[in-house]
Amino acid sequence: MHDKHPNSSWKAKLHKIIYEADTPNGRLFDVILLIAIIASIIFVMLESIKSFDARYHNFLNIAEWIITIIFTIEYILRIISVKKPFKYIFSFYGIVDFLSTIPKYISLIFLGTQVFIALRALRLLRVFRILKLARYLGASNMLANSLKASRAKILVFLFAVFIVSIIFGTLMYLVEGEASGFTSIPVSVYWCIVTLTTVGFGDITPVTPLGQFIASFIMILGYGIIAVPTGIVSAEYVYQNKGRLSGTPTSPAVDLNTESCPNCSAERHKDNAKYCYNCGHSLSDYS
Amino acid sequence: MHDKHPNSSWKAKLHKIIYEADTPNGRLFDVILLIAIIASIIFVMLESIKSFDARYHNFLNIAEWIITIIFTIEYILRIISVKKPFKYIFSFYGIVDFLSTIPKYISLIFLGTQVFIALRALRLLRVFRILKLARYLGASNMLANSLKASRAKILVFLFAVFIVSIIFGTLMYLVEGEASGFTSIPVSVYWCIVTLTTVGFGDITPVTPLGQFIASFIMILGYGIIAVPTGIVSAEYVYQNKGRLSGTPTSPAVDLNTESCPNCSAERHKDNAKYCYNCGHSLSDYS
Amino acid sequence: MHDKHPNSSWKAKLHKIIYEADTPNGRLFDVILLIAIIASIIFVMLESIKSFDARYHNFLNIAEWIITIIFTIEYILRIISVKKPFKYIFSFYGIVDFLSTIPKYISLIFLGTQVFIALRALRLLRVFRILKLARYLGASNMLANSLKASRAKILVFLFAVFIVSIIFGTLMYLVEGEASGFTSIPVSVYWCIVTLTTVGFGDITPVTPLGQFIASFIMILGYGIIAVPTGIVSAEYVYQNKGRLSGTPTSPAVDLNTESCPNCSAERHKDNAKYCYNCGHSLSDYS
Amino acid sequence: MHDKHPNSSWKAKLHKIIYEADTPNGRLFDVILLIAIIASIIFVMLESIKSFDARYHNFLNIAEWIITIIFTIEYILRIISVKKPFKYIFSFYGIVDFLSTIPKYISLIFLGTQVFIALRALRLLRVFRILKLARYLGASNMLANSLKASRAKILVFLFAVFIVSIIFGTLMYLVEGEASGFTSIPVSVYWCIVTLTTVGFGDITPVTPLGQFIASFIMILGYGIIAVPTGIVSAEYVYQNKGRLSGTPTSPAVDLNTESCPNCSAERHKDNAKYCYNCGHSLSDYS
């Protein structure tokens, strides 16, 4: 798909392997990283199960160190293979990569601190980097387009849900009172969201006839207004699907290229692009 | 956007600031009011938390007084800047403004009366006044049009849900009886609404095999008929979206103007309108 | 809307009042009946509340007798005003009318028998008879058409839900066993329907890791497949809406007429119909 | 619909009866099998109810033996009537048929082993074989087409739901901790799926204000994103429905034929097909 670059140094080769997926080595790199990410998530989960951690603590510790070293190497390689390292370091993925590598090192200093589980959970965000597969891009592009086009409507809807929850939450606090578990307005609003979204935990339930009547109203309201976001997104999808019928695609899914600019790390270049659409740098010049 | 009005008095200027949002002062007024409303809601909520109220009672009291004074000033300014004050006072927003200002004054007379929390909750309704932002209007207009167009169908649907709930509630009362918590028909109907809307609190659950069988039927029914309001609203949105494709908008979102008539307070004038569409009064005459 | 019939006897007049709603008397009759039906339902509900029944037993008893007498008169009038009484008596509405009148009389013989509450609940079915209002007919016609057109697909879907519930119910019975409340396969299937329809009572919940994993799968499945009936009905509504755009209605809502045949009681005649579309009898001949 | 085959032996006749449904005998065979399958499922369920099994153990045992013998005969007939028996035996339905027949025989050897209930549950899968009815095929074809066309989008959606559940599950584990029932990350992820899918069992519920705030966010998220799969499937159905309007069906439902190849058992041949589309064997040659 790409010509051999006469000026490709080891840096250029490294960049191709790490940031792209259309060479055998690039694909191998992505697969290894994907496995490391999934293994890392499973180990974090298993570690949280007390009985499992007690029995296999050493195994989990070693496995975590191996994964941390893999992520460390990846992080260093990404920095040295990109032309403007600081641009990568302070990019979204750069920060995610850093945060998902650091927890194990910090645990050496502050032993047993639970907060770093959260940092390790950030490793999950790396998964999205692997999702550069062509056929999924088309699907998620359409999904993203639908959500973007109906963003304003969905915000109005969510705001309305929030207003309704505050009004009815306050009302239920007055009607039911603390005896039924509606101990404060925030708790009542929480209950109202639980009811309106048809989740219905049942940890707090109305007991007075008036409270049950208002709850019934909230439930039917929640059951009815779910139609609104569904209608919005459905209509948006139908609209986006029109392209398939008329022949003129409304969301052209042509960005199947996995190349990435060696200068500014911009992605989604056209397949026959010679220069970066973002910074104008030659896509084959890694000097 | 608007010419300088040669006959604009301080009243006209005030009207422009308070009722419109397309001058810097008008926008500042709206932002201050929005902050006051949100702060007011948060303070009402915090006050309902016993432990918080016990510790910061004085702070909450002072904050409530500050907000009440802001709302009082706003209310008075609105009355004196409008040409027909009584029309404003007895309008929907006039009553909301009054009800959201009065509770703190009343609390001086009747100390600690809980009912006034409800009145203070009405302050939330003011939020809608701020929503005069252009891009949201388009979205909520389409939403309102969809709901208006499918009103009759939704009413028939809600009526059907209600009938089904009464029939199955009565049936469950007969089948399960008081031992399982189905203590009366109204409670059974409440349970049936909880089940049909897929909320499922679990405070009352069937225990007899026949009761569980009927409950299963109600659940599958509720799971199935949620398709009906969704289908109605989806079809309506698709219909409204047609305009975007064919070029002739079905719901013209041209009312981006935030001007308001100095005579009758009507809103949503066309951008180039010189006279109020509602009362025919000149939009620039504040005499 | 209708010509004066020269041969209209008292029977014809009665038929017009009882079975139609386009004369002042006919509308009055419908309104009285609607009030009686709603009152009757409310009294049945109130009677089931022990504390209310204990205090107002006599009032409820008298009210029930008044409503029963109203229904008895209506039933007799319907029989004598129709040309073929047996056709009415054994029709759906004839049976409903009979069953909703009889319980109070039977209660004279068998005192305090609870089963007759169910019979009285049948009075609710009468409500549908009043729904002959024109604008609602249009809406419910479209609703009925949508459901009729997508009947086969919905049946396949419900059958699939049932099969899935039996398979996963059996699986959960094996995995969780009786200790977690999954006491038998029917109970497990009931739990599976509760979970799949996203109701989630919480009376029975999985406790083993494997059970929770399977439950997660069932929940995501239920969350995902709700899209299927919704999609079916949405598409059907969009299809039915097409008529509104192209000018040729797919579901002509012309049957706004409330007239009813004096011979065979068929309803929904065209406005200018002179003869019954069902039996060919003259619509104005009540001899 | 089919010509008399001059070379039809008893094998060919048997094949016609067992594998097809367009002869009276073939239909009778299908009906008997359908009744046996349903009876078998009901008996398995009843057997799991301890009190029922204790009283009617002998009856259930005999009934199970009768059904097992019916299934055994069917299995043997299928093997001898098909030209390539091994192809049938190792096909999906062949394995299902075998697994649904064997449990009772195994129970003679290993008495009272519970695992075989699962095997018996597989009998349910046979039900799908009977679903060769023409009008349902059209419906389920359209359903299958819709799901197939939107497969990639639904996978992206389910993957997103899974990622969200892991992130928020980990977060809730950190916020709520073991005191509230969030004993480990896997349990927290399970709770997050319960909440996101709006099931809401209520066996585990957040108790801290921050936990309830995050839970509210998850619930509104779950309430909102249900619009995504619904929108995808709705749009797909609308697209598939287009054919009905324009006259050119997008999903031609012509495979109403219940014939099955005597050589390779392939189904869904065109009505006028003379040779199997799969193996090229003559559809009327059973030699």
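A, B, C and D are the chain letters, set down in written order, and residue numbers restart from 1 in every chain.
The rule is short, and it goes like this: contacts are C-beta pairs under 8 Å (C-beta built on N, C-alpha and C of every residue); 3 or more make two chains touch, one makes a residue touch a chain.
In UniProt terms, the chains line up like this: A, B, C, D = Ion transporter.
Because the structure is a prediction, the values reported are computed rather than measured.
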item	value
Set of chains whose contacts include both chain B (Ion transporter) and chain A (Ion transporter)	C, D
Farthest chain (mean CA position) relative to chain B (Ion transporter)	D
Interface composition of copies chain A (Ion transporter) and chain C (Ion transporter): same or different, split at half	same
Copies chain B (Ion transporter) and chain C (Ion transporter) - rotation angle from C-alpha fit, nearest 5 degrees	90
Chain A (Ion transporter) and chain D (Ion transporter), separation of their C-alpha mean positions in angstrom	33
Separation of chain A (Ion transporter) from chain C (Ion transporter), taking each centre as the mean of its C-alpha atoms, in whole Å	46
Residues of chain A (Ion transporter) touching at least two other chains	157, 186, 189, 198-202, 222, 226, 230, 232, 234, 236, 238
Residue numbers on chain D (Ion transporter) that touch chain C (Ion transporter), as the complex places them	41, 44-45, 48-50, 114-115, 117-118, 121, 124, 127, 135-136, 138-140, 142-143, 146, 154, 157-158, 161, 186-187, 189-190, 193-194, 196-203, 222, 226, 229-230, 232-234, 236-238, 240-241, 244-245
Sites on chain B (Ion transporter) touched by chain C (Ion transporter) in the complex	152-153, 155-157, 163, 166-167, 170-171, 173-174, 183-186, 189, 195, 198-202, 205, 209, 212-213, 215-216, 219-220, 222-224, 226-228, 230-232, 234-236, 238-239, 242
Residues of chain B (Ion transporter) that touch chain D (Ion transporter) when the two form their complex	198-202, 230, 234, 238
